[in-house]
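Chains here go by letter, A, B and C, matching the order in which they are written, and residues are numbered from 1 within each.
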Amino acid sequence: MTTPLLPREHYLNIRYGIASWLLTKDHKRIALLYLIGITVFFVLGGAFAVLIRLELATPAGDMVSADTYNKLFTMHGVVMVFFFLIPSIPAVLGNFLVPMMIGARDLAFPKLNLISWYIYMLGGIFTLWAVVVGGVDTGWTFYTPYSTAASNTNVVATGLGVFITGFSSILTGLNFIVTIHRMRAPGLTWFRLPLFIWAHYATSLIQVLGTPVIAITVLLLALERTFRIGIFDPALGGDPVLFQHLFWFYSHPAVYIMILPSMGVVSEVVACFSRKTVFGYSFVAFSSLAIAVFGFLVWAHHMFVAGMSVYAAMVFSFLSFAVAIPSAVKVFNWTATLYKGAIWWQAPLLFVFGFIGLFTIGGMTGLFLAALGLDVHVHDTYFVVAHFHYIMVGGAIMGYMAGLHFWWPKMFGRMYPEGWAKFAALVVFVGFNLTFFPQFVVGYLGMPRRYHVYPEEFQVLNVMSSAGASILGVGYLIPMVYFIWSLRYGKVAGPNPWGATGLEWTTQSPPLTENFTVTPVVNEGAYEYSKRETRVV
Amino acid sequence: MWSGLPLFPEQASTVASQVDNLYFFLVALTLVFSVLIAGLMVFFAVKFRARNTAQVGAPITGSVPLELLWSIVPFGISMVIFAWGATVFFTIARPPDETINIYAVGKRWMWKFQHIDGQREINELHVPVGRPVKVTITSEDVIHDLYFPAFRVKADAIPGRYSTVWFNATRPGEYHLFCAEYCGTQHSGMTGKVVVMEPAAYQSWLSGGVGEMSLAARGQRTFQDLACHTCHMEDASGRGPSLVNLFGSQVKLADGRVVTADEAYLRESTLNPQARLVAGYQPLMPTFQGLVNEEGLMGLIEYIKSLQSAQNAR
Amino acid sequence: MSDSASAEASAGRHHAALQHQFDTMEQQQESATLGMWVFLVTEVMFFGGLFMAYLLYRVWYPAAWADGSRELDILLGGVNTVVLIGSSLTMALAVRAAQTGFPRATVNWLLATMALGGVFLVIKVFEYAHKVELNHVPGPNFVFEGPHARQVEIFLSLYFAMTGLHALHMVIGFGLLSVIAWMAYKRKFSPEWYAPVEMSGLYWHFVDIVWIFLFPLLYLVDRAH
């Protein structure tokens, strides 16, 4: 095989200069603008996490003051949820790949796409400003009346940042929905779509339907805090629990915004590195939609101890179990895909293995929380913290890493160093488990969340967790280094280094600005590996 | 495993073992499924490792029977867990009829407990072993949560309303109590202990108090101080309804609804009298918001509970 | 693609307003319309949160809701309702004019819509000013005589939040229509490409429909006697 050369002209070198980036309408360049933004926020959120874990290595509050600690976990949550996890895969990989995977030249609304990025950055700047001028200490959940009447930190500024960035999420979802409906290449019927597209379609539905509700919730919060109007104030007959309903009506579906795109990545990677179509394609496709729909029906499982009737609690508990089933179906289908595959042990697949294992544990621990009698004990303890970090970090971020590695050659025309990537995957996996598994135990023992100081008997488990966090941090730094290295020194990748199916792999790497010089015509399913001998080029 | 490293708190209430049993079942289930999936994954990845980059996988697309199997079986298991959890929850959510009643007020950043007999405690709660205890909780400011890990129960303390948590402690000893809803600077300092005592020790603790008035007696004093008695006469001849035998009874409201006169009703009627106006009475009662605090309200409620006419006295 | 494209299709492919990501004007028009419908769904969810809060508190405090509603000027609210429905009519006529290739009529109907929208906003300003005068604005200066004063304050909070958000959408719509009117004046629209007018129409009708819900829910509580 001849060593490939970088194409002469591609979307990165077609035009130079800062204006060509800041005024671009190319979905691929916008994806990279997002990549820079979310990486900055990931580092910031990670820095907060490091400080939290350092403080929690000892039972006493000896590193930072109580107020500072409360700001640290609040800002860790706000930054990670709203500025890293929710945008991450859709804004970076989704923006880059959705048009390419369906054979289009760009998204339906390229200018809207650029505006979405500016909105994201504007919201981010508001939040960064809130951090710089003193932070916010309400918890990322902003519960009233603490956030409206008691906290004397920058609640409104942070809320405004979240409000603004929410529109970025809405507009991205809108763009994807219209694109997927209207711009598929000839012959690309719904059931020939890559599962990555199904996942992003389902995610977009949630973004479009759910995000406006957090917008109005944050707006009401800001109005009450600024003008003391009393919608959530019990002294006026207002209902502080109403805030929780409005907040979780979005924030529960939000967790599916965070995980569904990752699941889309997993489907693509499993298919490619097993050289086999995803087992039960239509079941995996429909499960994405089922998760999106059911995800809107379970929000009050965050509120089982807030005083709801036993019967209301039972309804939400039942639905919470129901929403777990489509996710289980996916896990089984991915595992079955490996059966009689031709498994190619590359870094993307290793990250996906991490995803499947850790998401299974995270998902099963969700059942603990859905079970009413058990939730009473573990609600608001570290058990919950461990559960959602298994899903978000062990799941979503692993999927994001898998996707970055898988499509890096397409995005930049160069390979990352495979040996280092495998090593990073291992370090992340070990560090992750050491950080978060002890939190299940210490949570069941009764250690509540958001505690700056804690009883001495919880120290051993906390030290384990903090030690793991340092390993996990290193595990995330390694790819940052070699990805940047690879931009200059990585092996040239060629159009399809993985021999993968998918329209994006039929183009040069990096692609042309318009992706396809001729609109492709599709006449087969998404993962027809077994029908042909796929050569690695 | 690790000598002395506990994996779950002491089981110190009647419901603790029920909760733990469900927990252990779920731990086992998680272990089974995680090992199954991880094991299969690794096994397939090794057994079907590609020998060269041109090899492709077998042309298998799916299997509807398998899909049904691994949808229906997990759903069935989920329903078992749901039913089990709901059953335990019914026990947790429904206190027995006869309980020792204690009032708790959370405020930033302490827990104030009031016993019926008059003892007040801060961040410490003395209870007898083997008897059901019901704690009626509210908050003076933001949302808190009263959590007893050893009893496996918690409930949010919400300003403006009452919530309850109940337990039946089974082992004497001292156990943690925590605030489990973030409430500001000293959230992690809002902790204390619940002291479970043998009956004899509890009795002597009760009587060893500093000659405190019972909660109902304190409430009676408040009732006089705030001049409630000028409208709420015992013989119902006043401008307001009589409060004798009121607690627990059904009350007909001016708008036709019928409500039960429980603690929440009494509290609301003091702070927002026209919200649920009693049928046949004029909306004359002023609000006492700001004139009586949460603990005062609890005293009033206990006093009103004690107003039983001779034939109804229990 | 084959060369045997119909004249209409090839006109669609080479239209001056065809954006590079689309293949035909028809695809572009359909995408724009679908996009606006999706956006309107997000708006429904946005207002939905406020409607939920309204619903909860109305069930809890029916008497306060009646008291608060009676404080609103039913005549002004009614006039505003008629004005807004009228503006939806003029908007629909503007879309029709654009669709059938009458640019001057398009501009005129758009201006009429804007005028009626302006009337609505002016009336709203009067209503709000009156509320300020009476100290009925929730917050530290709120004063209300009546047994349910506190809950009336919640009613009025929702009144201001809901009508305020609605008015903000009208102001945005006003700005949008002025841009569209300018584009129509500059003859940018034709039967092949009038999507911006149609999209603005959808937005304007949505804002109208929100008011159709707000008016009875806020102004007409317990007015039957």
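Assume a residue touches a chain if its C-beta (ideal position, glycine included) is under 8 Å from a C-beta of that chain, and two chains touch if they have at least 3 such contacts.
Quick caveat, the model's predicted, so the values are computed rather than measured.
Participant: So which has more C-beta pairs touching, A-C or B-C?
Facilitator: A-C
Participant: What chain lies farthest away from chain B once each centre is taken as the mean of the Cα atoms?
Facilitator: Chain C.
Participant: Give, as an integer number of Å, the spacing between the C-alpha centres of chain C and chain A.
Facilitator: Here chain A and chain C have centroids separated by 34 Å.
Participant: With chain centres defined as C-alpha means, what is the inter-centre distance between chain B and chain C in Å?
Facilitator: 46
Participant: In chain C, what residues contact two or more other chains?
Facilitator: 61, 150
Participant: Hunt down the residues of chain A that sit against at least two other chains at once, touch-wise.
Facilitator: As it turns out, chain A has residues touching two or more other chains at 235, 237.
Participant: Residues of chain B that touch two or more other chains: which are they?
Facilitator: Residues 272, 275 of chain B each touch two or more of the other chains.
Participant: Considering only the defined contacts, which chain A positions touch chain C in the complex?
Facilitator: Going by the criterion above, the answer is residues 99, 104-110, 170, 174-175, 177-179, 181-183, 208-213, 215-217, 219-220, 223, 227-231, 235-239, 242, 245-246, 249, 514, 519.
Participant: Residue numbers of chain C touching chain B in their complex, please.
Facilitator: 61-63, 147-148, 150
Participant: Report the residues of chain B in contact with chain A in the complex, numbered from low to high.
Facilitator: Contacts found on chain B: 2, 5-9, 18-19, 22-23, 26, 29-30, 33-34, 37-38, 40-42, 44-45, 48-51, 53-63, 66-67, 70-71, 74-75, 78-79, 81-82, 84-94, 108, 141-143, 145, 147, 149-150, 152-156, 158-161, 163, 176, 178-189, 191, 272, 275, 289.
Participant: Taking the complex as given, what residues does chain C use to touch chain A?
Facilitator: Touch residues, chain C against chain A: 1, 19-23, 27, 30-31, 34-35, 38-39, 41-43, 45-50, 52-53, 56-57, 60-61, 138-140, 150-151, 153-154, 157-158, 160-161, 165.
Participant: Which residues of chain B touch chain C in their complex?
Facilitator: Contact set of chain B toward chain C: 255, 272, 274-275, 283.
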